Every structure is written in structure tokens, then in C-alpha cells.
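Next come two complexes, and both contain subunit A; in the first it sits with subunit B, in the second with subunit C.
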Partner chain A sequence: MPLSTQSQGEDEQYILVTSLDNARNLSNLLKAISFKDHAVFTTTPNGLKVTVEDCKCVQANAFIQADIFQEFTIKEDLITFQVNLTVLLDCLNIFGGSTSAGISTALRMCYKGYGYPLTLFLEEGGVVTVCKINTEEPEEPIDFDFCSSNVTNKVILQSESLKEAFSELDLTSEMLQITMSPSQPFIYHRCLFLLSTFGSSGSAHYDYSKDSDMMELFRCKETQTNRYKMSLLKPSTKALTLSCKVSVRTDSRGFLSLQYLVRNDDGQICFVEYFCCPDEEVEEDS
Partner chain B sequence: MQCVVTGGNVKVLAKAIHSLSRIGDELYVEPCFSLCVNQSVQTVFRSVATLEKTVEKCHIELDEAKDRLTFTLHCKHGLLKTHNLSYQDSESLQAVFDKDSYANVFRAHPRLLVDTVVHFPLSVEEVTVTVSDERMWVRNHVEDEAERSRAMLTELCLASDEFDHFAVKAHHSITFCLKELRGLLAFAESTGLLLSMYLDEPGSPVVLSVTDSVLEGNFVLATLSDDHNLCKNNNKGPDAEQPPPPDDFMNDDIDSYLIAMDTSVAPGPSAANPPTTSLAAARETPSDRHRIRRHSEEEEDGDRLPNKKFRSIFFGSVLPPSPQTSMQPVPTQEVLASNSEDETEAD
Partner chain C sequence: MKFRGKIIDVACLNHFSRVITTISKLTKTCVMRLTPDNLFFVLSGKVTNGGVSMWCELHQANFFDEFQMEGVSSEFNEICLEVTPENLSRALKTVQNAKSVKVKLTKKHCPCLTVAAELPSLSSNSRVVTHDVPVEVVPRSLWHEFKEPSMPDFDVSIYLPPLKTMKNVVDRMKNLSNFLVMEANLSGEMNLKIETDLVSVTTHFKDLGNPSWGKTSGPIRLPVPQINPNVVEVTRMTPHVSTGDAASQDGGASQSRDPEAMAEVRVDIRKLQQFLVGQQVNPSKAMCNIVHQSVVHLILLHDDVSLQYFIPAVA
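The block that comes next holds the complex of A and B.
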């Protein structure tokens, strides 16, 4: 196989060597977080984490565990670098990104260390392409300090029901309001898990009944209503589309954590996560 | 005001709204008085395909105190979608028409007209519908006489037996907007109901309606008034009144056109068709007549046309729109297949 014809010597220079029989198992996940040009790669013996941030208010992470890769060799405990994500995705799809069964691009991704480019060997149908992408000084990702012990409300839904809502969201609304409540204090809504928009023509509400078969878990400690900038959350729709399940959590500060369970082409499980700061604390529904 | 729409009817409501959105930007809702809701109502019913699968019930409520019209969609899996739309009070709009008094009534499956309008390019804004005892012609309306010589002219003819009901008392020719027609045809087709068309003199609105036990839709379209119609349709011949397009092959007008084109006619089932008015003034000589008759006879034998749903021919105007039409095509126009016989016939 062409990709393994590299000399033994060269291989030894790499501090990170990963390979995938199907590059889509990486590119699909990266597409789900590609709302900005640059991404920080953090690699540990456990696997690869790719982080994208915007406005210091929203952060997306894609996790690909080591056992997803056909080969995962790492010579250090922690390797981080930053690359242009758009360029990386273009390279991963260099053969046109065919989605027909049986045709996939094989990938070998290697890194020699600080100052060296990220080298990609891509093969499809006997044709090999080598791409070298310059790496940059990684920016420190924000720590949203979101810990499970501080989680106030948590809901796990099957993605199918949320997909519809997200695809219909009124984009003229600046905010997406999320309300979670253990009880039903409001007159108009059965207000349990509610997504609301306030656009130029009026308001729209998506009310997910606690008794719905789409809702797998509903654990709310207190009533919370938070607003998040639509422009920051709308990109998460890509991750939602790929996923089969989503967990929505808010903590006492109103910070939002969206976790998506994604099954790749081979049925293996990967995760994508979005964190978002609230725009303002809203105590009562308007 | 409160109303509930259930099951498959939600899809009908959604399609009605989509269809109306192709006609105008504002929607007037009239339960007991009228309001005007802007186009946002279309977003409530955005995807008809999804609606069909997921919406079980649609509840519409008017809250006068808050100036709010609320649509509540009860969907599968316990999802409840609520859309609160603002509206403005407006004066009641009443279209003045009395379709039962109209001279001409037609009824057919919308598919017939859908298949007809599909032949017009999207750029065509208006169509002219002309009716006689046995036929209905639909052709694109060209505003400018100058444009007429450059424009592509399309004309289709529907026979009375293609309609479920075809009753003509007066031979009228009316012109109205195609865009609105397309929109309403899409809706009518989706209802699966027969479409009725009420046609009267130019200037009177044309009414197209679908009716069943739960729904009545009347689409009233304005038509160009008489003087408008006459000016535009004038063939510049000596006649002030437009003669109905000829519809049989023995007619010399078609034949003379065919000679000029030197074509054994458009490919496919369509042989000759009534020419546009600009050709009606074409001159011919007795010798033409004789020769031509044979030519078209041969053609006619080849096709059993009455069996075809409708005939159509696309042709550009090769003949200049002048009454003194010579058999020669305009020198500046590209002649794809010149007719050497023209030289002998031309006057």
C-alpha cells in the first residue's frame, strides 16, 4: 500500500503518526465544528481533540479517540498545534469527497513537532497526494469551567426532534432563548424544555414535552431561562445533523453545554461538544 | 377567533399559503373582519413535506387584545410549535365579480393547464387566452410591437374534448399574468380537485376556482381591458379586429408561413399550428395556394393530430411584421434553411 512505503528513518522523526482507512471519519467531525478558519489540535495518548472558538463566547470541540484510528502513535504526552481548518478540510476532501460506498480516501497524518508542518498522505484508488499544512502557535483554548457538579439542568434528546427546530429557527431573531423547568408555572406553555426566538415578524416557540418519546432524560433542578446569540449557536446545527443524540446542559451561571453523540461511517462513536456563554441572565420569561 | 385544522388539511392550508405567497407579499385573513399578516406566515408552514409527516393538528387563534395571530402546530413526539405573529388591521378587500354571469365556463383537471403553461419560458409575464366554440388558445403576450419581431412567440391550442366541461357563449380573448396563474395551478393541482375557469370579456377579471365540501378557492385575476387588448394584438393588417387564429391545415396563412420557413415543420408530433397574428397578413398567390395545399395534405396524413393532447410549435418571427410581407425573410436575420422556391413566388 502506497502510504506505508515511507522509509523507516523518516517515520522515526515523527512525534505523531495517525492513520485512518476512511478520512471521512475525521473530516465529517471537523466539518461539524468548522465555523472559523483556525483550529487547535490537542493530542494525547487518549486521542485527538480539535477546538474552534469564536468571540471568546462559543467553543466547539471534536473528540476522536485513539481507538478510532487504525494507527495512533504518539511520542509525547501532549502535542498541540494550530492549523487552518479550512485548508485542512480541503485537503481531506482533495479527491472530491465521494460518498459512494466502497470508495474512501485513506489518510496518514504525521507531525514532526514544533515548527514543522502537518503532513497528510491521502490515497484513493491508487493515487497518492501529499499535503503539508503550516502549523501555527496554538492559542490557549478558553476554559469555560463547565463542570458536571455545577450542572443545574440536563436534558438528553434524540437529535431528530431538535434537527427540525434548528433548521427552522427564525434567523431574524438575534437570540435563541432556552427555558428549562421542572414544573409548569406559565400560562401559555407546558414549559418544560422550550426553545424560543423573537424575530421581526413575531415569536416562535418549540416546546418539547417531558413525556415525548424523543426525550431520553430530563433532570431539572430549577427553572432557568437563558438567551444565547443566534449567530454563535446556529453553526451547531451541523453537529446536530450528524448526531443521533444530544445532551443539553446549563449550569448555575447559565452557561450552555451541548454534547452530540456522533456515529461515524463505521458505526464508532465520537463526540462533539459546544459551549456557549449566555447573553444575559433572564430570570423570568418575558 | 379560534379554529383548528387537523391532519391532512394542514398540508392543504400550507400549500394554499405557499401558493398565495407567489401572488403577493401580504396575506389577508378574514374570519369576521380582515387583518393583514405579512409574509412571515409562510415560515410557519415552511416545509410542506415535513409538515405532512409530523404535524397532527394546527390551531389558529386570534388575540385581538394583543394584536396577535397564533398558530400552534401539534406535532409528533409531543413537540408543540407555537408561532405568534403580529398583524395589522386593514380594510376589507372585496373583489367584484360574478362568475355565474360569465359567458364562458370551462372545467378540467389542473394538470391540463399545468402542462400548457410549462411551455412558456419563465420570463413570460402575461398570456393571452382566446376561446372559440371548439378551441382554447394560449399564447404569450408581447407588449411592444417592436419586440414582437424579436421575441419568441409560443402558442398552444387546446381542444374542447380535453376539458371536462367546455361552454362558450362569446368568443373572447383575454390577457392576464402568467406568474399568478402558475402559482394557483400548483395549488389547484395539489388539491386533486377539478379547476373551473370563468372567462368573460377583456377587462373583466378571469376567475379560476376549486371547490369541495371543505374548501372553496377563488382566484380572481385582472385582465387587460379591451382597448389594450386590441392595440397589442393588432396584426397591422387592414383589419381592425383580430381574426381568430386558423386551426386547420388547409388555411393559406399557415402554408405561406411554412413556405417562408422552408421547413417540414417542428420535429415531433406537432405539425402546423395556427400562426401568430403577425403572420396572418402574409400574402400568397393562387399558384401558392395550389402547391401549398398538396404540401400540407401530405403532412396531415402523417399525423393523426386529434389524438394528441395539444399541439405546440416554437417559432420565431422570420417574417417582418409589415402588411407588405414578402416571402423573403428579412435580410438581416439569419436564415438557417433558405427556400430557393421563394424567388419564384415572391411578389
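The block that comes next holds the complex of A and C.
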């Protein structure tokens, strides 16, 4: 592979060298979080975390473990830099991001350190593209302080079923209300996990029962109703489309965590996570 | 002034329609030149179209089963029409499965190219669909603007990589930048480069091969390994180089030029994209001539169609 013929001498200058036989394994995950231009890359010997935020209210993280990469060499314990995600995605898909079997773009991604560009070497069918993406001063990602110990309610669903729900949601509604309850608070339904919208043409409710085949796990401590801005949650559907399972959690403050399990082309598993703040004025709906 | 052509063969009809569609992707209007042997679609480089020029040549005999024309005079046996290829393409698309298609120059409320198609019918009555595509007749005094462009005195001539790959790369680069640098050398290497505040991207193509427009005593020929009509095409395409000083400079430049040295042109990326988007069939030969910092001359050769496209350099 021409990429591996990069001279060793040059490699030594890099503090981070990673390579992937199939660039789609990275680009797909990044697409799932690409709702803003700026992405912070946090690299440790365990792997790569890419963070995107919007309005200080929503944060998406894509995790790519070190063993997903064919090569993952890091010379420092922690490397952080920020790049323009849209530009990076265009670079990763420079050869069209072909999905047909047998054709894949090989990637080698290198970084020399603070102030240097992120360098990508991409190769497909003997054609090599070199991209130098200028890095930016990384912004400190918000700590949503979402601890598993504070989780009040948690459900794990097949992404299939949530995809269906999201595709039918009334997008004229400004809010998406999520209700999770251990009991049966509603008269007609045995509603335990309920998505509601309040749009211009009326309200709509989408509910799941505990016994549904789509429900893998249901662990609710108390009834919780929270509203989230639809505009903030909408980008998460990109991750939903890619994923096979999704874990929906809320903590005692009403913060929402959506964890998506994504299986890549090679059958390996990666995660994408979304955090979202609840909308402040939670009124009791009578 | 008369023109009447008839296409019966479905394959010819499809092919003709594809050529027109390709042209419609390249330009909104162009001039259609009819001669007893050929059809030409010409766009001359004007500032209004960004200085891009185009020359597309078809042998009528390869498309038409009947072809009758009478030019403006016996001395100038040609017809020049300004057409909107998009309209012509649309008319041809709707008659894809016709038994026969006639193309006629008619005088309705204005001059028109009338596309009359006889469609298959189950009953004995035939169904005929007629499209009138308005055209403008270009007066004799303006014909000189639509002459075949001369072969530029290029620094490097090189075969293009697969157009699909090139299109993918250019499409992405267009998302990132408005301008692209195309550079190539005589060692079969071509690079596409963009550079902005955010990113610099270079795609390296190699082993492309350089056509040797070797100088012979006769016209300059492209040595094509197999016997095919392209040889004739190229020969015919480059009469201007054959006798002028350009030819000797050419041969000289190519031989004395450092094979590694790049000739480069910075172009409007949209113009290159347009050219790549339009390609509906893979040509048997695709090549490009680069005049350093001046112009890119793209040439596509199909069996019976040749297309030349010139993109000027931008500062």
C-alpha cells in the first residue's frame, strides 16, 4: 500500500499517527455528529474522542477506540486539537466515499503537534490525496457532569423503533417531551416510555410498552417528564440512522443522554453519545 | 437554406440524445453548425460565459440515416443556428423509443428545429409527436466567430485519469474552494490542488501517460495503438498546428522540457466541474493540454464524436 511507504523519518516528527484501511469507518461516525463546524479531537492511548457542541446545550461525542485503527501511535498521554469538521469530512470523502464492496479509501492521519495542521493521506486505486487541515485553538468542551450514578431512568431500544418514531414526529413542534415512568400513569395506555410533540396541528404521542420486542432494557426509578428543544435533538437522528441500539437515559436534573451503538463496515463496535439539556420551564401538563 | 435529417436506429438516437445532453450540461446556448458531412456545436470564449469555449464535432453519417442540407449559398454551404441545447435535449428525451425521428429546420412563428417522432402504436394509425425548438439563424457576417479553435501551443499534454474519479475529487474540492490548480508534467503525473485558509488538498495522479503529438512531415498525429477513427479525428482537429510555428515549438518544447517540471493553470472550479458532470459515457480517449498559466484544453474522443473544451486561467 503506497501509504505505508511514507518514509520513517517523517513519521518520527509526528506525535500522532493513525491509519485505517477503510476511511468510512471514521467518516461515518463523524457524519453522525456533524451538526456544527468545529470539532474538538481528544486523543489518548485508548483512542480518539471527537466532540461537537451547539448553543452550550447539546454536545455530541464520537468515540473511536484505538483498536479500530490498524495503526495507532501516540507519543503523548493527551493530544487535543480542533478542526473544521465539514472540511475534514469533505477530505475523508474526497474519492466519493464509495460504498461498493471491494473499493475503500485507505487513510493515514498524522499530527505533528500544536500549531501544525492535521495531515491526511488518502489512497484509493493508486491515487493519493494529501490534505492539510489547519488546526484551531481547542475550546474546552462543556462538562455535562452526567454520571451513571445519578441516572434516574434508562431504556435501551433497538434503533429501528426509535428511528420510526423520529420519522413520524411532528417537526412543527418546538419541543419533544419525553416521559419515562415505572408505573402506569395514564388511563388508556400502559405508557412507560412516551414521546410527545405539541405542534401547530395538535399534539402527538408515541409510546412504547415495556413488553415491546424493541425494548431491550427498561429501568425506571421514578416518573420523569422533560422537554427538550427539537432543534437540538434533530441532529441526533444522523447517529440514530447509523446505529443498531440506542440507550436513552435521564438523570435527576433531567439531562438527557443518548448513547448509540454503531457497528462499522468491519463489524466493529463504536459509540456515539449525545447530551442535551432539558428546557427550563417544565410545567406540569394537566 | 434547408435542413432535414432522419434517424431510424434506436442506438443512434440514444447516442445523439446523450451527446446533446452532454452539451446542455456545458452551456445554456451554443451555435449549431451544419455542413454536408458534420454537425458542430460551438461555444466561443466570451467574457459572459467565463471565457470558456467548446467545440464538439459529430459525423452526421454516424447518426443520421438521411441527411439533406442546403447552406446559405453554394459557396458557403453551411447553416449556423443558435440553439438552446437543453430544449433540444428535452425534445429528444421524450422520443427515445420512437420508430424514427426527423429533425427539420422549419419556419413557424420563428425559425425552429422541428423534431418529429413517429412513435410505436398498436393500431395501424401511427402516432407522431412534434417538438418545435426555436432557434436563431446566425447571419453569415458572424460566422467567423465560430471557427474551430486552434490547438494551443501547450507545455504539457497528458491523458486524464478516469473521469469518474476526477469528478468525485473535483466535487469535494468544490465544497472547499472556488479555484483549483491543475498541474501536470511530461512524466505522466497530474495534480489537482486547492488551497484555502482552512485546508490545502492535493490529489496526485500518476502513470497517466503523455500523448506524443509527434511532429511528422504531415499533420500532427496522435499515435493511437489500435486502428480507430480517433486518429482521423485528431488529425483533422489540429490542422492549425501542422504548418505553423506552433508545431515546431511544440515538438521542441516537449523534447527539451524537463519531464518533472509541472505546467499549471488555476481555473474556476465550477467550469471544470461542469465539464465532468456532463460526461455521460466514458470516452475512448480523454486528455488535456496545459498551457502554463494560460489555458486548459480538454479533449474527449468517442468513436464518432469529439469534444474540446477550453477553460481559461484565472489570476
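Note that in this section the second predicted complex is superposed on the first by the 278 of 286 C-alpha atoms of A that agree within 3 Å, B and C clash if a C-alpha of one lies under 4 Å from a C-alpha of the other, contacts with A are read in each partner's own complex, and residues count from 1 in each chain.
In this text, a residue touches a chain if its C-beta (ideal position, glycine included) is under 8 Å from a C-beta of that chain, and two chains touch if they have at least 3 such contacts.
In this text the structure is predicted, and so the values were computed from the model without any measurement.
Peer 1: With both complexes overlaid on chain A, does A:161 touch subunit B (first), subunit C (second), both or neither?
Peer 2: first
Peer 1: One more residue to check, A:268. First (subunit B), second (subunit C), both or neither?
Peer 2: Neither partner.
Peer 1: Applying the document's definition of touch, where does A:129 land relative to subunit B and subunit C: first, second, both, or neither?
Peer 2: After superposition on chain A, A:129 lies in contact with subunit C alone.
Peer 1: Return first, second, both or neither, reflecting whether A:203 touches subunit B, subunit C, both chains, or no partner chain.
Peer 2: First partner only.
Peer 1: Identify the partner contact of A:84: answer first if only subunit B is touched, second if only subunit C is, both if each is, neither if none is.
Peer 2: After superposing on A, A:84 lies in contact with subunit C but is clear of subunit B.
Peer 1: Using the touch definition from the top, list the residues of subunit A that touch subunit C in their complex.
Peer 2: 84, 86-87, 90-91, 93-96, 117, 124-134
Peer 1: Quick one: which bits of subunit C touch subunit A in the complex? Just the residue numbers, please.
Peer 2: Against subunit A, subunit C makes touches at 161, 164-165, 168-169, 171-173, 175-176, 197-207.
Peer 1: Residue numbers of subunit B touching subunit A in their complex, please.
Peer 2: 38-40, 43, 46-47, 50, 54, 68, 77-86
Peer 1: Sort out for me which residues of subunit A touch subunit B in the complex.
Peer 2: Result: residues 161, 164-165, 168, 170, 188-190, 199-209, 211-215 of subunit A touch subunit B.
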